[in-house]
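Look for subunit A in each of the two complexes below; its partner is subunit B in the first and subunit C in the second.
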Partner chain A sequence: MEYFTLLSEGFVRVMRPDLILIMLAAIPFGLIFGIVPGLSGLTALAILLPFIYGMDALPGLALLLASHAVIYTGGSVSAIILGIPGSPPNAATVVDGYPMAQQGRGGQAMGAALMASGLGGVFGVLVLVAILPVLEPIVLSFGSPETFFLALMGVTFIAIVGEGPMQKGLIAGALGIFLALFGYQPTTSVPRFHFGSDYLLDGFRIIPLALGLFAVPELIALSAKGKSVAQTGSISGVTFGQVMEGCAAVFKHWWLFIKSSTIGAVVGIVPGVGGETSPFVAYAAAKQSSRTASTYGQGNIEGVIAPESSNNAKEGGALVPTLAFGIPGSTGMALLLGGFLILGLEPGPEFLKEHMDLGVGLAMVVAIANVMAAIVMILLAKYIARLTYLRGHILAPLLLAIIVLGTYASKNNPMDVVYVFVFGALGYLMKELNYSRAPLILGFVLTNAIESYLHISLRSFGPTFFMRPISLIIIGLLVLGLVWPSISRRLRRGRGA
Partner chain B sequence: MLAHKMIRAAFAASAALALSVAAQPAKAQDAAAFYKGKTITFITPGSPGGGYDTYMREIIPHLEKKTGATVVPVNEPGGGHLLAVNKTYSAKPDGLTILLNDGEASLLGVVLDVPGARYDLSKMHWLGRINAEKRLILFTKSSPYKNLKDAIAGKTVLKFGTTGKTDATGLATTMASHALGLPTSIVTGYKGSREFVRAAIQGEVGAISLSESSALRFSKGGRLIPAGTLARERSALFPKTPTVFEQLKISKENAWFLDFHEGFAEIGRSLLTGPGVPADRVAYLRKVFKEILTDKAFDAHMTQKKRPITYADAAALDKAAKAVLGDLSDARKKQVKDIILNKYYQ
Partner chain C sequence: MKKLEIILPATIIVFTLFVVGAGAFYYNYSIAVMRFPYFVGAVLIGLSALRLVQAIKGKRLPGEPEEIQEPTTESMAEFTRTALWLVAILPSVWLLGYLAGIPLYLLAYFRAHGESWLMSISLALGALAVTYFVFIVFLRVNLPVMPLGFQ
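Take a look at the complex of A and B:
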């Protein structure tokens, strides 16, 4: 009863006029940073961080969290209408969202993505709030072996993520793993393949990689044809009705939504797997269990709902280790942690005992921001879609300028811009040769976690490190995931016979 | 005639002295005038929101007020905190680029010949130290040992968690293990001190080394047990925890490794500018930072933010850096490298 009182008090605390105003200012900021390719949530947080010096705890953190929580909501729109992920995790949405837009179903895709994002964000918060009183034992039950197996599970999805033949998916995934090996090795600190370059000491960065792979090929296509995105496909005018139809699809596929949001929240809870992984894993899990798996990659609405619901749900999950241990559950949370410290707060086990009300308040901020952002974007979707009517020779240079600026702004490093074009050439080749680019990103984001946590597990527990209850459950799920498609095929054949 | 010459020489000498004395404040005034309206680039290897970043952003308004310059903060993480040093080292020698340095990383870069360390610290100018912290060894509840004496006498391997081989956590663990003769095996690869604290609480490792402020934060509730301070004097935050020198009989040879480590810690979060900067501007910057960092109100403000100031001047930093790098013979350097990079990773 006391806990529910705390929840209602947290809600009342957030519904203050000044906090609502702060959120209203932060949400458009986050959405714009999400929509513009290259300007990720990290950039938004880095820009906002200096503004919280001197602010009170809840308003300061609400400013950061509200803008961060809605980044992927904005990013889904660019992924669908332009085929360019607004933020790296939105790359999974491109696979089916962009084909939908080209088939004239952009309104439905946007509706589905926005509704899945908004509700996914709320789902993540519900998970957080439900386990708030027992955060510590939950986080403590996931050690390095469990993190390793979760990351390994993600790798098994490489062959499933994305369109096209499985062999090509595996090759793309392997290339992603190879690219992740550049720079300092995480356990020995020995730099690999750096060729004497300072830039390569830290390895390749995700933003130039994701933008190069996805954006440059689209820009080349737009420039070469000179036509608008709408003319290259068969996009008709996006109507509010279409958007609402997309929103309704999320409720129609409610089980897929729950499953994908759960994946997002769990990946968020386990620090180390990397939040970028969750949309790809959710996409692969959806495809693996779908009856319409053969149409994935060709504009299946399930392929939009799955990554987008998990994308936003993971931020609620990622708050769990951030609040419970001060260990960031995603890269965005690492910056948010900086915000806590600036405000003189120290997240950790003692923090929640003293500031449980603040924890509840932050969860509420995430939920409210997600709902508000989804509403704003659903109302604006029709107008944003008009971008697709700009002719190629106007849109391509405009997007190129935004991408170059966005990439540069992420780290203030001109070499990042150079690598956008290097990876752009790779992306163009892959597109021409019909290799899916999403598995490359998945391989890239998981390699570091696998390498580190396998090493740590072996050093800490020896070769029997997997003999732990949760590790064994994850191994079981991993094996089940691998054999389930053939089992279900046989079962279906058996029923058919 | 001779007397006349002597009088002339004496007059010339006194005129020269008078001129040079008058020139000092004039130079200082020149330097102060130089900074007015200019843009200073303030670089830190820390990411936004972290400790380095917080110190930098708290100092900036005061630096702008005192110099009349606009100060642009630049976060330059990467290369194990060495890219920021490279950038400062190769900046135009006009005194408009200042670095908030990670002392341990920049010294280790030199000692270990780390790829990417493209600077010569002896040519750079120390401007002052913001903060330095002592380090402690902490045991976990699941550790096979309860104190250092038992650990040294024991045969069970004591697993330490660290973030990397070539950073402050790796340095403290290897130097202490070698000097004290601990049966150490290091598990490295954790993404930060918070993550190996989590691993320690979960029992993945039996011991860790932390800076005194982190140790205070994470040992609350008895989760981690402070076993000893790695310094000649006790930590002000852990007055009841004896130093390793108080607890154990340490030979002169082994004490060298502990002092060597303390020399690194002494540099701490310090301020630097690049080689070739005119002496008057260096002197001016030193004066400005001293005023900011010894201001009582600023000190109280930072203490309240849990970011304490432990100021040291350029001369003290120069001495500490020379103590680490100056006395290092080739044979000793080889031995230190082997201990840091290989000994506890078999």
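Take a look at the complex of A and C:
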């Protein structure tokens, strides 16, 4: 009963006019970044990070979450019209969405994708609010050793299952932790590795790092490409009637929607996996159980509903480990953790104990943003999709100007702007050499907690602090995660031989 | 690409050794301050050294594409040109201040990349309006509007 009161209070809190305004500003931003291929949701989050400085927790996180929650809604439109996924997780939508557009049924595909995205996002939130109270007593039994190993596991897992080879992911994670060691040491307050620089006394900042890693490499690619991404496809044949037909198709295939959204939410909960995986899993599951499986890939509307439902549902699922354990469920959530840090919050066991109301509020933000984005896109998709005709030469410098201004505005320090480019060079190299950038940012964000909990654990339990039962289980999972890729490779090779 | 595969882990190793070495021998930090950097530094150097050896031997890691395209002279020149154009925003805002530097940078960029005068001037003026009204008036950011970083 108490939780239901919390839910209703959370809903009322989010329906404040200022929060609605923030969401209304964030949603078009997220949609644009979703629609334009090459500008990922991570770039959107990174660009928005400087703007949450000085904001209260809920409005600040609402700005980030609302834009992030709707990225894939926007991405579905370019996947259908252009055959180019706006964001990587929209790739599965191309398989059936693009053939539908070529057959003159682009409006139907768009309607189905947008309705499935919007409702899928709400479904993911329902899963989140159902799981949070169940997890609360479990996470509250965690002490400092368990929290230390959990944080370590978060970095390791995102390195293992993220893009690129595991070894490179681990190097990135360790580098992120190492970069966060500059500045005041958390337990002794000794300024560490400052090399006589006032700037380094506070250590490297999250905003230049996030922007350098996730925005600059994308801007280089966009600028180098120069021309617009929309070389093919047309939005002229899309009618409002077709879009509404597509929306209705989601209700007609309601069981497929529920099944795909459940897959999305469950895959989203697994730390680091979410991302591109869930839409393909949902697509495969839909094809396997469909009576019209033979028409998949040739413009079957089920092939649009399944990936798009799971795509947005996974973000609600991904919030579960992010809020409860401080381990991000997706790469975007790793950047969102940076937002928590800027606002002085630390997700994890303590967060649920002290800020359950905020957690519920964030869930409401995701749900409302998804519904709003679906409505906006259903009404305006035809016009918003024209953004894909913008040339890279125009977009890249304009975004760069926003980045430079936003970075300076965050702390009024010109060195932050310089470091955007320093980390940008690192980000570009990592992207080119197939190093996953998410573990680096996550390692950077979690280092303060990792080091503090290590010190507290050593002081409280001595060198054998890892011998507690839950710690041993987490260590076991960590080791299993590290060796599993090579075991599965050997198993596959054995089966192939 | 092979050169870069070697350069990145090698740079990480040198950087980590330099920082940890400075902490241990120059700053003489206590073990409470250096315990964690020693641990993380050792892991980072170990992993990077392994990668360095693999890169020198030309070993492909599981999950990597079979053939990595080596950059050509043209693609390197194109990259350098693109990167320099983007980095040029730094001297622009430093020399001219944010209010004049950003619109002028954008104007120069658009013109150099073949956009029309009308489009270039419109976008530059739009950027000037956003910089002034959003950042200075609405967000009240103390942007250095004068040249050389002066407020």
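Note that in this section the second predicted complex is superposed on the first by the 278 of 497 C-alpha atoms of A that agree within 3 Å, B and C clash if a C-alpha of one lies under 4 Å from a C-alpha of the other, contacts with A are read in each partner's own complex, and residues count from 1 in each chain.
Note that a residue touches a chain if its C-beta (ideal position, glycine included) is under 8 Å from a C-beta of that chain, and two chains touch if they have at least 3 such contacts.
Predicted, not measured: the structure shown is a model, and the values here were computed from it.
Residue contacts after overlaying the shared chain place A:Pro414 against subunit C, while subunit B stays out of touching range.
Of the two partner chains, subunit C is the only one that A:Leu219 touches; subunit B does not reach it.
When the two complexes are overlaid on their common chain A, residue A:Ser460 makes contact with subunit B while staying clear of subunit C. Contacts of A:Gly338 after superposition: subunit B is touched, whereas subunit C is not reached. When the two structures are aligned on the shared chain, A:Lys168 is found in touch with subunit C, with no touch to subunit B. Of the two partner chains placed by superposition, only subunit C is touched by A:Phe178; subunit B is not.
Look at A:Arg489: by the touch rule set out above, it reaches subunit C but stays clear of subunit B.
Of the two partner chains, subunit C is the only one that A:Phe193 touches; subunit B does not reach it. Once chain A of one complex is fitted onto chain A of the other, the partner contacts of A:Ser144 are limited to subunit B, with no touch recorded for subunit C.
Across the two superposed structures, the residue set of subunit A contacted by subunit B and also by subunit C is 187-188, 412, 455. Listed in rising order, the residues of subunit A touching subunit B in the complex are 45-46, 49-50, 53, 139-140, 143-144, 184, 186-189, 191, 194, 196, 198, 201-202, 271-272, 325-327, 334-339, 341-342, 344, 346, 348-350, 412, 452-453, 455-456, 459-461.
Listing the residues of subunit A that touch subunit C in their complex gives 164-168, 170-171, 174-175, 177-178, 181, 185, 187-188, 190, 192-193, 195, 216, 219-220, 223-224, 226, 393-394, 396-398, 400-401, 404-405, 408-409, 412, 414, 417-418, 421, 429-430, 432-435, 450-451, 454-455, 485, 489.
Residues 47-51, 53-54, 57-58, 73-75, 78-80, 83, 86, 115-116, 118, 159, 164-167, 170, 185, 187-192, 194-195, 197-199, 201-202, 204-205, 217-218, 220-221, 223, 304-306, 345 of subunit B are the ones touching subunit A in the complex. Those residues of subunit C lying in contact with subunit A across their complex are 1, 4-5, 8-9, 12, 16, 19, 22-23, 27, 29-30, 32-33, 35-37, 40-41, 43-44, 47-48, 50-51, 61-65, 78-79, 82-83, 85-87, 89-90, 93-94, 98, 102, 105-106, 109-110, 113-115, 119, 123, 127, 131, 135, 139, 141-144, 149.
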